[in-house]
Structure formats: structure tokens, C-alpha cells
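As written, the chain order gives the labels A, B, C and D, with residue 1 at the start of each chain.
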């Protein structure tokens, strides 16, 4: 399967940056789920460039749902989301390029598609496609909230500045979901934005780390082999443009711990089995244990920069220097966090539907 | 799908620690692939406890291939591998336990299987099942080598001691594949083993980091969304017991870099397009670019330790102290590396068969 | 998976009769395949009601391809086809009904979707969705023709009138693909149309049998178990509205034969192994043998008729008599044949891509 | 996927006629399902040759369950069934042949596996593998019975002799499940056996038709497109050796009916919506309507016969005459019916688990 993810709840992604539409088909959702357009619009807006840290392209992401919804509720059949590319000009191929932008997908697209790819604006690889993923995920995230499952992501680190850790998960998640620049500590948010602007002023870009918490998930979700919660989530998370690492619980820091430090002792809490610590991020043996899911992704710096870079023309096979032009996005990590929320919601809806049946979510 | 991974080349895993057999069905391999029993046996031996750093259980992993192979070559139909559990005693349920060992899957298994799970020795969650995965992966890894694709993994870090980086990939991979304790620098291997033994002497355990390199893979493998190379590999890698993080190229370190530092400039090398650096681990936009694939996994410390730990009895819902007994494995990272090789080979065979057809591998 | 079929080449279907769009996402096609709009338009026209045997609705099926095609060729990324429902009125729910039309999906939709389904015009169950399937299949069928694989379907039987058997497959398929009412013998075509009009004049409808031939398919496609050619094709064919039976080769007639009559002896033909007869429809042990594939589907009579029928209101649970109104389609078999061609092409493209790799079709 | 079928409940089939074991991995069953060994043994016995209508090979089908069952109940992890091939002699390749037996899979296996296939006794294509499918299906069928879902199949036709139709489904199914030669009317059973013996005496074989009924299935199972109940069942049913046709309800006979004859009017029956007739076999729009599922398969005559047949040697490409030797099975339809029961149970368990969740079946 290529551009489809999930089984009981599945999303299919399509479109190119300069095509007529990007979009998604979200199939398998239970019937009767309310579509909250404000919720979708807010997530789409949070994904879009905003504030001083912006790009030239400011499309409205005026999505339409053209199937699978009736009188504001899902029908149970495929929900199709279309987002027009308003400035698309299907006859203008001037954006086609044969210079491989370093660390972009221009060269690998050429290898895979033999020159037939639409390379304008990144084509099918464009981060713009995440808008469709966000719209689909927003429906799922909203539905999960109705079942008491909350998802929130903050920029844990960006431009060398770290956010504080989660403290009160419920309050923190609620706060994050209202923010466009999702950092728990406002002072650090400001410092991060300064670091981003500094990099931008030097024609450069910055990377960062995103941290997600999920609360309210029942224990017993996931499989011991292959479809572990970690495996399913990471499979999806690596589709977020720029993500090059995923870790659960203490992740790579566990490598330096001893078992006596890394283990999470069990205890009773008001008749419920909980763990005293959560170094394992709510997952043991691939399966949820009822504690919050915690994971982080590493987002590499935006590969588009305003400095000369050595590269090649992949058709003429000549070495060239790429001279940047136009404007760019010096950081995407604060926008990627909303994609991470959406991606997480999509994966969890599928896992829950497989576990509890197709009607569970309504 | 639960215990099956892959599509064109798929592996199905079965068995429990104290059952009659563990095993795997490896389906979809091209016909005519030679089965190198020495190769399989060597990988199985490398996975087993060895040297001073060992456990009580020293089974021979006397695997048998009971289908899909004729006259030493694959037939193209399912290859079934059986590995007997020699000490298995199907009537002895004394190993059944209701005390949840911290950071093991005892409690999550109870949540998922409602008390019907075979908990003896970890049951279906036992690391012992990786022997079957290794046998299946050994067939794939050997076949990939015939096509010029090499896979090698070293213990990058263990017990606070770091190995040197890869230098000459071909030589390093060749050296690693001969080793039982796969560390590039022998001095550091010794230091790691000392650290492991020290932890063991204190009844504790250590974690580590595994680093894998893959050379010879063609450019153009993988998909832009969902079935990215990172996504497919990580989906599988999180099934290796103890893995809690996966990163590609510079991974989490990319979060602290600027674009000008993280980008990999392209250049020509004897008529071939290559990158001058490889911060992206051979993958751009989810697709191989022809450079070596590089990734690391974080392996948490073995959760079995010889110190009293607080826990609960998940049936009586009482808090208890777990008093350890018997022997244990103070580190698994050096054995997990062979599972990582096998897992990688399985994923790559599937991706290559999808790309080039079912006969490509022979 | 619900509304997605196939793996290496996969189609996802969406939309409702009275929604804004119906459509399909066709994913996994090789890059560089030419899109022949005349070909697609001709198949869409052949699927539409035509001549005296028609319905009230005469939409133009003005499809658009909004992704995955550049300069007339596939890019290798998802091809999205949108077909607007021109008369759709999203605010008009007067077509909603709670009377279960006999042998329609009204009642089963209620059982599955708990009242949230869009029942107007059959909603997601509407035969109108086959237009999207036909458009996607037309791309595949056209691509297969470039590789020497021909598909043709005739109305083998309708209204009690039988067409002649295939004689010269290549010529017959070529002739069928030009026809709107696909019957090999024109005299019998006329007799069928008379039978249809007679049924229509009595407010009734007729069923029929469709027979498909596929030539040029290589030997060795398909799997011995589960993904047999018969299994894969039939899985898809039962999605054609009204199909209630599928048979390959002599099909049900084989039940009355002896082995000596049913077996297909092999012989040499210009250095190539062929069979003297083709009672098995080109498939042995689930796998193509290089002879033409032959199969038939049974299409039940259109359930919409103009006679009073007993039924129930599935909300009030009262027995009612359904009094028909408006116009209807007294036969769909002659239009379903174009859906059968498209469905067949989709299945074969997937099977061939799995066998020979994703680039094979270009 | 090749030798794996299903998603939430999946079966993987492996082995060859002359290999060490044939077997199956049944994954995804709910934990806590009782394993009734008598039930499994009875189905395996009914599948085996019996009475005068037999073959030379009379293996005991001494299956073992080597994983996934503890204290007589499923654990929720993969259930692995092994059936030894007692007379297997792995060193004896004298059964290898290059003469393509007409309408067997010898030639297509050669095309697909390029000469590496194990051709002894049909290898992986051998009907013997259905024993593993029957054992896996027996577990499912038994579990479905606990939930009130009954499956029964009779030989509707064989050797030109037809059985009576189903009358009282519950009683008929119960009776069939006790029989080895599953015919409702004993007189006709005798006539069928005479017809089989007559064919056998002439060195020939006969085909037949199997008819299955399923009662107790809830309404609302299945999907409108692709994963229709008909599509899912037929996908599996065509794996039963010799099946060349599948029809639901009145099937091909519907082609000759008018809508007024074929439609199933709804009516109320003790507060429940039912249909007055069942021409559609309990399925409307691909989804169960709560009425019994009814379908038939066409089984071609056993291709092994004792008459000289023209064929070719697929290696030397010479025309030859195949001279039969040994004993054969003049009919398999009465044994295939038990495979049909098992196959049906496997498909339904998967569909029900997807609909209601993984725990539903226990």
C-alpha cells in the first residue's frame, strides 16, 4: 500500500503542491461522529505559517468535505476532504527543476519516478499535503476527545532553546491545543522565536524536537510483535516532513540508565493499577498500560536555506551551485506539531477500531 | 494484521517461551534462493547468550525448516522454521505469575488477554521468539548479500561506553558480521563488558544504543508518505524487545543543527550522483538516495534485575515487593544487534520485492 | 480495508449519489503511463444509459483528474478522479426514505450505519459510483493494452436471449470495445433489447449474464492459495452492483462433466505450450497458464420495478406497500459489462505490479 | 500477501505434500476460546477419504497445536497447527515430474517457480494442505457455534444426481455436520455414490456442486464496496481445490428472472424485519440482512483420471501421452464440503472481529 495508512480506519492522501487539489479520503470512521468545522479550521490555521515566522504562501486552506458527511455527522462511508491549491497554474511548468536541492526529495523523486514527477513546489512531497492529513486527523482527534482521549504536542526544543517538561498533563494539553506556537513556557517560546528569526536573518534554518502526550487511552491496545503501539505510531510519524527520529518514554536516554532506574514500579491508585514513574511512555511489550503515552520526534532543520549550496543537475550530471531566491520558512517544527497531533489521532483511531469494533468511536 | 509483517515478502511469528515450538513462516521469497545453513546457524549463535555475559538458558536453537525448501533452495512457497523449546514442560504451570514485573509485559498481557495468556517465561512476549525472527532474517540477509546489499550493526553504546563511529563501511560491516560481541573497537568492547559485569554484580542491568549501516541499496526505494523507508523500518524495529527509540542519519542531533549544517550537498563521483555528507542517513523524502542507510535504536536496560522492586499482584490488586530469584541477563543490547540485522533484512526484502517484482531476489 | 482494493496498484472509492462528488484515488500506477482521455470518455459513455433503454438521469460524467497526472502522463503518485454530481442538492433531504426497497441496500445500510447513512438515490451504494471505478479502470485497461493485454466483455444472456459464444477472441474483443450494447451477434442484441423493453412496458426488469475474455496475460500470475486469480477477480467482481455469481472457464457446467471431458490436454503450438481446450478458463491451481482467461458473472434483475411490493418501514417497523414512481432502468447488465472490464483491469494491474515490480506497466 | 488470508483474524498456510509438515498459523482469535479436539478431529476425519470412495493414502492427520493454546483455551496469540506427513521421504525425489498433468498445477507451478517447486504429490498445491485449513477452520466454526452461528454444507449435486433443497435449516445443518457423506436425502446419497463408483470403474472422475447455509449471523456485516460478504467469501472459496464457480442466493438462476420474481419483499416477523423469500442469499448491497446466507460452489471433476491423456513435457517441450498409474480419488466434492465449512468459518470470524472487536468471539 502506498499512500494509504491504516486498516479499520484508513487514510489515503493525494495531490501535489501545484495541482488542482490536495486531499485525503478518511475511510472506516464510525457513523454518527459529529464534524466540528471550527475544530478542523483551528487545526488547519495552527498548521499554517503565522506571526513573524512565516512564508510567502498564505493560502486559506479552504477545505471542503465532499463525501461521507450528512447533516454534520459522518455517515460511516468514506469522508473525502478537498483543499484547493488556489494559486495553482496547471500550465506553468517554470517551477520544474533539475537542480537537486540538498536534503530535499528532488533527486530521490527523479530516481523513483524517472522524470515523470511533478517537481513544482515539491510536488507530491510538498509539506503542503500535511494540510489534508491535518484535516483528516482533526476529525479523528475531535472524536477521540469525546471518548476522553486527549492528545497534545509541544515544541520541546527549537533553535537550541528547550521548553519545560509536561507537569499537569491535562492542563498542559488543553493549553497547547489553544496555541499557535505550542510551547508550554511563554518565556521560552519567545526565546525560541528569537532564535528562529536570528537563523532566518542569516539565511539559515533551525530544527527541533516535538513531544506528544496522550491521555485517557485504555490499557491493552497494541500487539506484542510488529503492530506494537510504538511501531504503528512511528510508521506514521516518519511521514511528517523532516522527522528523522522517534522515541517513546525516556527513549535514547534509557540507553544510559540502569534497569533499577529505568523500570517503572507498579502501585495501586484508588483501586487502579498505575506506575509510579513513566520511563516507558505508557507502553510495555508494545501494549498500552493505561498510563499516558509519551513520545518525541526529531525534526531536522528546514532544508530550504538562503546560502549557496553545492549540488548537481540530475539530468545533465553537472555540478552546480544552488543560489537561493524567494522567501522561506526558517523553522517548521512549530507547525509540524499540529501534523503530529493529527497523525497520532489517525493511528489511534485505527488501533481502537480494530480492538473494540467499528462502532466504538461514535 | 497481528503477528505478520510485510506484504510481498511477509514473516509470521508464533510461539511462546515454554510452548512446544517457536517459529516463523517466511512467505513470498523468490524461488531458487540458496539456504546457507552455516549462515543461519552463525546468526542464531550470535543471538544466543555467550561468554561471561550469559544466562542460565543455553538452548541449542536447533531450528528445522519444514516447508518451502527443496534441495537446498527456496521453492517460492512458504518457508516454515521451527525451533523447539527443549526444556518446555507443557503441564508445568508453576512459572505462571500474577505479580507484574515492572517494565515487563506481564500487566499489559493481562489487560489484553484477560488472563488467558501463557505467562511462563514471558510467553509470546519472550525475547526467545527473536530466534525465529533471526532465522527468517538470516535467509533474507544472505540473499541480499548475493545482490550486493550488506547489513551490519554494532553496539554503539553500552553501559556508558561508546564505540567508535563507522569509518570504512564495507570493512566494518564485514568485521561486525564475524563477531559475537559486535563492537568495532576491541578496547571499548572490553570496557563495555566490564561495565555490564559491574552492573550484574550489583544485581542491575544496562541499556545501550545499536547502530546499523546498509550499503548497496539502489536509489528510489520507499514511498513519499506512510511507507517511507524510515517508517517501514521503524515499524519493524520497535518489535525488537527493549527498543524505545529509532533515529536515522544524525537523528535527534539534527534538532540542534542549522540547515546549512544538516543538509547533504550533492556532488558527482565517477559519473554517479552522491552526497558529500550523510546527515540524512541515505534517505530523502522517505526514499533511498543511493548512499548508505544509517540508523540507531535505543535499547532500554533489561527489566529483569536482582533488586527488590515495588509492584502489584494484578489479580488480587495488592501491592507487593518483587524479590528476584534465579539468574538474569544484565545486558541484551549485544544480542539484540543480531535481531536488528535480521529485522532490517526482512523489511528490505519486502520493499525490494514490491519495487522490482517477486523474482528480483534470486 | 473498506473502500480500498489492491495493494501495489490500489483503488479507493468514495462518494454518494447526491453528494458533491463521487470519485476514486488510483494509487501505485507506474510513472509515465499516458492518459488517453478519449478512451476514458468512451468507457464512461458506454457505462451511461443510452438509446431507448435509458433512465431519467443523464449526467455528463464530466470527470476531472486533479492529481497524479502531468503533461498527459502519470507521475507515479496517486491519480485522483472527481466526477461531480451536477444535480446534487445538498440541502434537499426529500429523497431520504425509511421504506426498505426490496433487494436494495436500504435496510442493510440502516443496520450497518444506524440511521446516519445518506440514503438519497442509494447514497454510497448507488450504481453511480461505478462511474468512478470505470474511470480508474479505463486508465488501467488502456495501459494493459499497451502491454498486449486485451479485455472484452459481452452480454452473454439477457432477458432470456443468449449471445453467441466467443469465436475469434481478438476480433470479438475489438468489436465489443466499440459497442455500447455489447453483444457479439447483432440479431440477438436486437432480441435482447426487445425483451428488455417488454419487461419495462410491464413495469418489470430483467437480469443477465456477462462473459469476459482476457488475452495476452503471461503465464505464472496468481498464487496457489488465497490470492488465486479466481479469488482476486471474484473479490472485486462482487462489487459490481447486482452480481450474485462468478464462474471461471466452464464454471458450474463443470459439475456435470467427467474428468476426461473437463481436463484441458496440453500440446505444443509453435514452440509454446498451450491447451487444446480451455474448460479451466486459463487458470490452473489459481495461476494463469497463458491461455485466455474466461469468466462469467450473473447479474440479477434491477431491483427497482414499477409494481407494488410488500415491504416494511425500518424505523416505524410497520408493514407497507411500496408504490413505485418516476422512471427506472429495466436492465443494467449491458452497462455493468463496462464496469466488469474496468474492475478486471484494476485487479490485473495490481497482480502484474506485484509480480513484475512497480515499473512494469509503463 | 500470499499464503495469508484475513486481517483481524488471519490464517497463514504452509507446507507441501511430501514435506515434513503441513500446517497453519491462525492469528487474532480472541483469548479464552475453548479448543474442542473432538470437534477438530471429526472435521479432519470427514475431510479424509472414507468408505468405498477412497484413495491409497490414509494418513491419520495427527495434528498438533504447538502454540497459542494453554489449558485448552486460546491465549490470544498465534495458534499454530502442525500436521506431519508421515510417509514423507525428504530424500526421495522420484515423484518429481516434468509431464504436465492436464488441469493440474504442474505447468503453472513451473511457470511461476521456474523449476524450483516441489512437485512431488502436487507439492504446495496438494489438496492435502486443506487438512491444515480444516483444522484452523474447525476452531473458528466451533467458536461461531458458541455465538449461535451455524454453518452447514451439503453436496447439492454430484455425478448428475441432485440432493433435495434445504428445508429446515437448523435441523439440516445439524444433520449434515454429523455426516461423512453430506447429502440431505440418503437415497440420493446412495445414487451419488453409485455414480462416483461407476465413473471410477471407467477410470474417470466426477464433479459436483456444494451448497452452504449460514444461520445466526447478525445483520450489518460486510462493506458496500470491495469487502462485500460475497467478495470476501468468494476470495477464500476459490482456494478450495477444484472450485471454479461461486454463486449467492439464486446466483446464475437470477439471470433468467424478472425483478418482480427475484426481489425479496420485507415483512415483520415477531418484531423483527425479515424477507419473505431469500433469492439474494441473505446479502443486500454486500451486507448481511439477518436472513440465512446461502451460496453454492462448482467443483470440477478430479483432474486425476485413469485414461491416457495428451500432454507435454514442460522441460523438453515434447508432446507425450500421460499413462496413469496408482489409485485415485474419483470425486472430491464430498470431502471439499468440509473445507468449504472451514473456509467459511475463517472468513466470518475475520469479518465479525473487524465489526465488533477482537474480543467479540470469546
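Operating definition for what follows: contacts are C-beta pairs under 8 Å (C-beta built on N, C-alpha and C of every residue); 3 or more make two chains touch, one makes a residue touch a chain.
Predicted, not measured: the structure shown is a model, and the values here were computed from it.
Taking the mean of C-alpha positions as each chain's centre, the chain lying farthest from the centre of chain A is D. Chain pair with the larger contact count among B-C and C-D is C-D, by C-beta pairs in contact. For the pair chain A and chain C, the distance between mean C-alpha positions equals 38 Å.
Centres computed as Cα averages put chain B at a distance of 45 Å from chain C.
With centres taken as mean Cα positions, chain D sits 27 Å from chain C.
Contact of a single residue of chain B with at least two other chains is seen at positions 1-4, 7, 13, 77, 112, 124, 224.
Of all residues in chain A, only 1-5, 7, 13, 100, 102-105, 107-109, 111-112, 124-125, 129, 157-158, 160, 199, 204-209, 219-220, 222-228, 230-232, 234-239, 243-268, 271, 273, 275-276, 279-281, 283-290, 296, 298-305, 307, 309-312, 314, 317-319 touch chain B in the complex they form.
Only residues 7-8, 77, 224, 354-358, 360 of chain A touch chain D when the two sit together in their complex. Of all residues in chain D, those touching chain B in their complex are 1-4, 7, 10, 12-16, 19-23, 25, 27-28, 31-32, 64, 66-68, 70-71, 73-78, 80, 82, 93, 112-118, 123-124, 359, 362.
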